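Letters are used for the chains, namely A, B, C and D, taken in the order the chains are written, and counting of residues starts over at 1 for each.
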Amino acid sequence: MGAHRNVTRGYADELRLFGTPLARTGLAALVVVFLVLPTVVQNDFWLSVLIYVGITAIGAIGLNLLTGYCGQISLGHAFFIGAGAYAAARVGGEIGLPLPLWLLAAAAIGAALGGLIGPFTLRLRGHYLAIVTLGLVFIGEHLWRNLTDLTGGNSGTPVTAGASIGPIDFNSLNLFGESYSRNQGWFWLVWGLVALVALLAKNLVRTRPGRALQAVRDRDQAAEVIGVRAGQYKIGAFMLSSAIAAMAGALFGSYQQFVSPDEWNLLLSIQYIAIVIVGGLGTIFGAVLGAIFVGALPALIDRYSEAIPGVQTSVGGEGFISVFALNQALFGLLIVLFLVFEPRGLAGIWLRIKAYFKAWPFSY
Amino acid sequence: MTAFLQNCFAGLSLGSTYALVALGFVVIFKSTGVINFAQGGLLALGAYLGYTFSNNLAVAFGVAVLLCCASAALVGATFERIVLRRMVGQPPFAVIMITIGLLFILEPMITAIWGFDQKQITNPWNIRTVEAGGLVFGVRDLWTIGLTAAVVAAFFVFFRYSSLGLAMRVTAFDPEAALAQGISARRVYATSWAIAAALAALAGILMAAGPGGLTPSIGFIALAAFPAMILGGMDSPAGAVLGGLVIGLAEALTRGYQDELFSWAGSNVSVIVPYLLMIVILLIRPYGLLGTKEVRRV
Amino acid sequence: MIHITFKDEGVDQLPPPMLSVSNLEVVYDDVVLVLRGLSLEVPTGAIVALLGANGAGKTTLLRAVTGLLMPHRGKITKGTVRLEDADITAADPAEIVRRGIAQVMEGRRVFAEITVDENLRAGAYTRHSRTEIRESYTRVLDLFPVLAQRRKSIAGYLSGGEQQMLAIGRALMASPRLLLLDEPSLGLAPRLVEQVRDIVAQINEQGTSVLLVEQNAVMALSIADYGYVLETGKVVKDGPSAELLADSDIREFYLGTSAGQRRSFADVKSYRRKKRWSA
Amino acid sequence: MYAKRWRSWQYGLALAGAALLVAACGGAGDEGDTGGGQAGEPASGVGFDGTTIKLGVLSPLSGPIAVIGQPLTEGNKVWFDALNAKGGVAGKYKVELVQEDTQYKPDVTVQQYNKVKGEVVAFTQVLGTAPTLAVLPLLDSDNMLAAPASLDAFWVREQHLLPVGAPYQIQAINSMQHYLTEGGGNRQSRICTMVQDDVYGEAGQQGVDFAAEQLGFTVANTQKFKVGTENYAGQIGALAAARCEMVFLTATPTDAGKIWGTAAQARFAPKWYAQSPSFVNALAKSAVAPYLRQYVTIAAEGTEWGDTSVPGMKQMIDDVEKYAPQQQPDYYFAFGYNQARAMTAVLEKAVENGDLSRDGVMKASEQIGTLSFQGLTGDYTYGPAAKRNPPRSTTLFSVDPDKPFGLATLKYNFTSDAAKQFQFEKANP
């Protein structure tokens, strides 16, 4: 009983989801922010930015399971996101299934597609896999343009999937006699799902399959020697990551209410990889942090671009570089800086800060 | 038959461009183990520099080509020196991401300097053609094929017989043992980047001198050169050239016979043919046509 | 100071040492201290043997001398390495080769994908005079007739012994004044070990100083003028080869030819303890 | 240990409970819909502070499509600058533009829409088919009016959109009619199309297909291409192999330049008719200009740039000289200028009704009736979406490098019978 709060006694302590009282307090604080934020920030711009960020975070958790925990580089994430969006349009919109069902349907479709691609991961390693999944994005784009019945072709398709769980309709939330806007409702829906997916993912990686994944990442043949069936885990990880991506895509589509084939491009895939790296490979929390960072930074720059010297904010305005160009260049610069100076990403910085305060007042 | 040969010619011209870019990929990959996603950016940069030399500074086109290759080479080597050198020993995707980051920095710089609108490079070829045997040959296409052949040949001579070429090969094989022979890995890495950038710049300016002119999207061609590299085998320069030509021909022929043979697969199948071909080949030969099998150790 | 009797001249003198390492400290990964104040010298024209168990720091010493610590995240934190009059502490590897130190790495490390000729050309990378390279090339082929026969073969297809010859030949292509050899007898059949020894002796006779790292102490001391024994990053014993060969501790630990009186572990400990006190 | 954990959870729950309470009081409520006074001064409200009317512009102001977005926005601006100089809407309310960069991406467009919707009365420009489709549901739910900057036919039937000009289909139909009657072709001619593989390309194709049905010809060959393709040899080869005598092109300038360059190089010389966005002035000065001059006809609306005999053009040229003298002749600029004119008509009506709220603007948009664009584009009959009738006239131009915009009038402002028959439908019924 008298041990220091951070001392772990045995595996059971080590494997707890939220080990320390500090973590639990932090969690409670997060819950409060989650509940209160949409009522304080009623601005539709910031809410929609945060909703997109949340959706991206879900997708990034999926990619992190694959890249961070299983060591496979996929540039094909955009393909699965797109597949999910179209699944939502058809299953949620046309057939009219309720939210939990169309989300699950999207996940199932994502997993099935991942299962088709997965076997490639057995034969191909490292760079080869990256380029093959890159090809997936282009092949996918071709499919989306030509499978007109399913995707609406070039004109895109409206997504009219409903957003209600039981009696609660997130599109027009009515609680305790107070009515909330669509963006407020969606904020709660999306970030609730972020928490759920993060929890499930965290639970997965701390248990047997998760450790097996990491063993496969570190040395797949060695993993096989100690009895991990690397092939199964690789395909499994690919399917899981695709399923989560498809869920994110489904949410993306039904929030935006319209999707077109132009959206599932290589840039989207790259953005996800960047999120995983900026956030920190192999940490669930990092994927969420990365999504917030990568998603909100352009919005911040855009919002306050007038204050940045040399940036052109309107047609014929002063400045040599447009907001878009500045964003892109900063994005690139951030990736480079992160990889050069903090390969562990935002989560690494966070750990360092935490370690500093844990050991305080000693500097080491 | 005429149509077939005409398509093949178009394929060779396109394939030459792919071959140049893919060869650049391989040179960097072989000696440093990095897949360079910034290659497309270097290609665009080279083409725009060529435009500046040819149009704004009014040097002869041939000189502009040399200058743009040289300056792109300098930029490539500088990238390596400033950024990538710090990444030695990091996992492969981290290094891939760094090159993507560089691409993201390069692109807005190019558009901030030269803008988005189409540029026409002053060049002696433009849309001139020669006719022979019922076929029409674009002068620019002929030059593209010819120059590519010459440059590729020069590269192989360099790679095989020069001492720097030898240094590149042995560094690729065993960097530490190479270092022990007094071969400076830094010099080899920087040289690889310089060569790759110069090849990309050459591809860029050759494309920009064509009927299409020059737009910032010119760098996208590098994405189709990835399959060329993979198809040939990532560590095989000869494979890159072979892969480039195969992909170029396949793309042009699919395009040419889209209506007769491929209408069932939707319009523009040719755009994804490089990727489909790559996947099929990889299923049969996981290390490409001429690539060496990676040794897997437990 | 080491006194050496030169076989050829037969007179005592004090030549400036080819290589002198003094008080060297090397740390890996900023934490693992591998060399702890190591000092040794290779006199000009001599063969010096460096003996020691696995992990004693022999290879690290070679890396420190040739500037190859960097790829292993090692760093010289103290001490100096001098080649004759020049300080080459932590110099660039290419610079060190150019100044006249060549190395035959442990495990041979020939470039298996390219031909024997190309391997030899790679060894001459730092040199520019074509005629001089030509001379070295002839010399190497004279020294290793087996390589002369297989000039166009891919190095990976050579036998282990041939590869070792190639590795030594490649190092000689740099025309070194000092040759460092890391375990050249490792994994070779006894007949080949003898051959390697003879070649090293021959190279030395042609005027190249040699630092020979070996676990095969008999072989090493049989051609060396002087020897050092390394343990956990420090020199624990040194002396002329004959003296070391005669030393019972050495015989016990490295030659395995002891008469068998002192086999117990406690005896070993006493030896070590004594050395540590004296160090 | 257990007790401790429980306590901290309790703490968390308590916090969460408190949060819920706060949340319960934080509903969005109504967005400030301020009903106006009857037929008097419009009450101030969202986007209108009593003196200035704010309008949103959602356009790619950077990135590859900025070459379209920038002149379009400049066109919006010049019109409103001129209007403001005359006092503004109804002579007293100045107009101010709130520009946001969409990068031509649907998700960014949605974010930017959300960013500015709370400070504008309406949107005078939303550029791009996909971005417009992405904000369409939001326009419906917010009851907001926006002017789309593309000539898609399905905008006509959307109440919350305020399109201008004759849709792409009309340009295509009129071109085909012209080719068959005056352009040297007949029903047996081998007529082909080359369209980009997106909504814009499909619109052109739809027009040609409709014309084929109406005029009794068949389309011999269709080539689709991906936007941004670098090599068009295959498509041109296929068109040549199909012995096309006429090709209708739907493209944007970058691709069009490459296509014509490749065609010239392959010595493939059919008669080309091209949709208005295919052309920019720079093409008339490029190496392919002689080819364009000989074989290419551009289908657009209105008159030549600088033709002051047309009142709308005279007014626009005057405004350009005054407010944007650096502006080069540009098709997109004129489009933006027209958009602003249509939006101004709506605002005038809304002010007249004394209601500048969203509802008021929507109501006004149904009441403006037929609006004349003074010859810059055909007159547009607005009203309830179901009854709108867009202009169906086209002017054909030939390429002439000596003209300010590189285009010389070939046939001015005509409407084919086939074009009159075309029916407009919603995007996603």
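List of remarks:
In the analysis below, a contact is a pair of C-beta atoms (placed from the backbone, for glycine too) under 8 Å apart; a residue touches a chain by one contact, two chains touch by 3 or more.
In UniProt terms the chains read A, B = Branched-chain amino acid ABC transporter permease; D = Branched-chain amino acid ABC transporter substrate-binding protein.
It should be emphasised that the depicted structure is a prediction, and the values quoted were computed from it without experimental measurement.
Looking at B-C and A-B, the interface holding more C-beta pairs in contact is that of A-B. Relative to the C-alpha centre of chain C, the farthest chain centre belongs to D. Inter-chain centre distance (chain B to chain C, centres taken as mean C-alpha positions): 45 Å.
Distance between chain A and chain C, defined via averaged C-alpha coordinates, is recorded as 55 Å. Taking each chain's centre as the average of its CA atoms, chain C and chain D sit 78 Å apart.
Measuring from the averaged C-alpha position of chain A to that of chain B gives a distance of 33 Å.
Looking at chain A, one finds that residues 145, 322, 324-325 touch two or more other chains. Shared interface positions of chain D, defined as residues touching 2 or more other chains, are 63, 66, 197.
The set of chain B residues that touch two or more partner chains comprises 267-268, 271. Shown are all chain pairs that touch, namely A-B, A-D, B-C, B-D.
Residue ranges on chain B touching chain C, taken from their complex, read 163, 166-167, 169-170, 173-184. Contacts from chain D toward chain A in the complex involve residues 1, 4-5, 8-9, 11-13, 15-16, 18-20, 22-29, 61-63, 66, 69-70, 73-74, 77, 99-101, 103, 105-107, 110-112, 114-118, 129-130, 133-134, 136-138, 141, 197-199, 201-202, 324, 427-428.
Interface residues of chain B, counted against chain D in their complex, comprise 3, 6-7, 10, 13-14, 116-118, 120, 126-129, 131, 136, 138, 140, 207, 210-213, 215-218, 220-221, 251-252, 254-256, 258-259, 267-268, 270-271. The touching residues of chain A, counted against chain B in their complex, run 67, 73, 120, 123-128, 130-132, 134-136, 138-139, 142, 145-146, 219, 221-222, 225, 266, 270, 273-274, 277, 320-322, 324-326, 328-329, 331-336, 339-340, 343. Interface residues of chain B facing chain A in the complex, by the touch rule stated above, are 29, 35, 83, 86-87, 90, 92-98, 100-109, 111-112, 223, 226-227, 229-230, 234, 265-269, 271-272, 274-276, 278-279, 282-283, 286-287, 294, 296-298.
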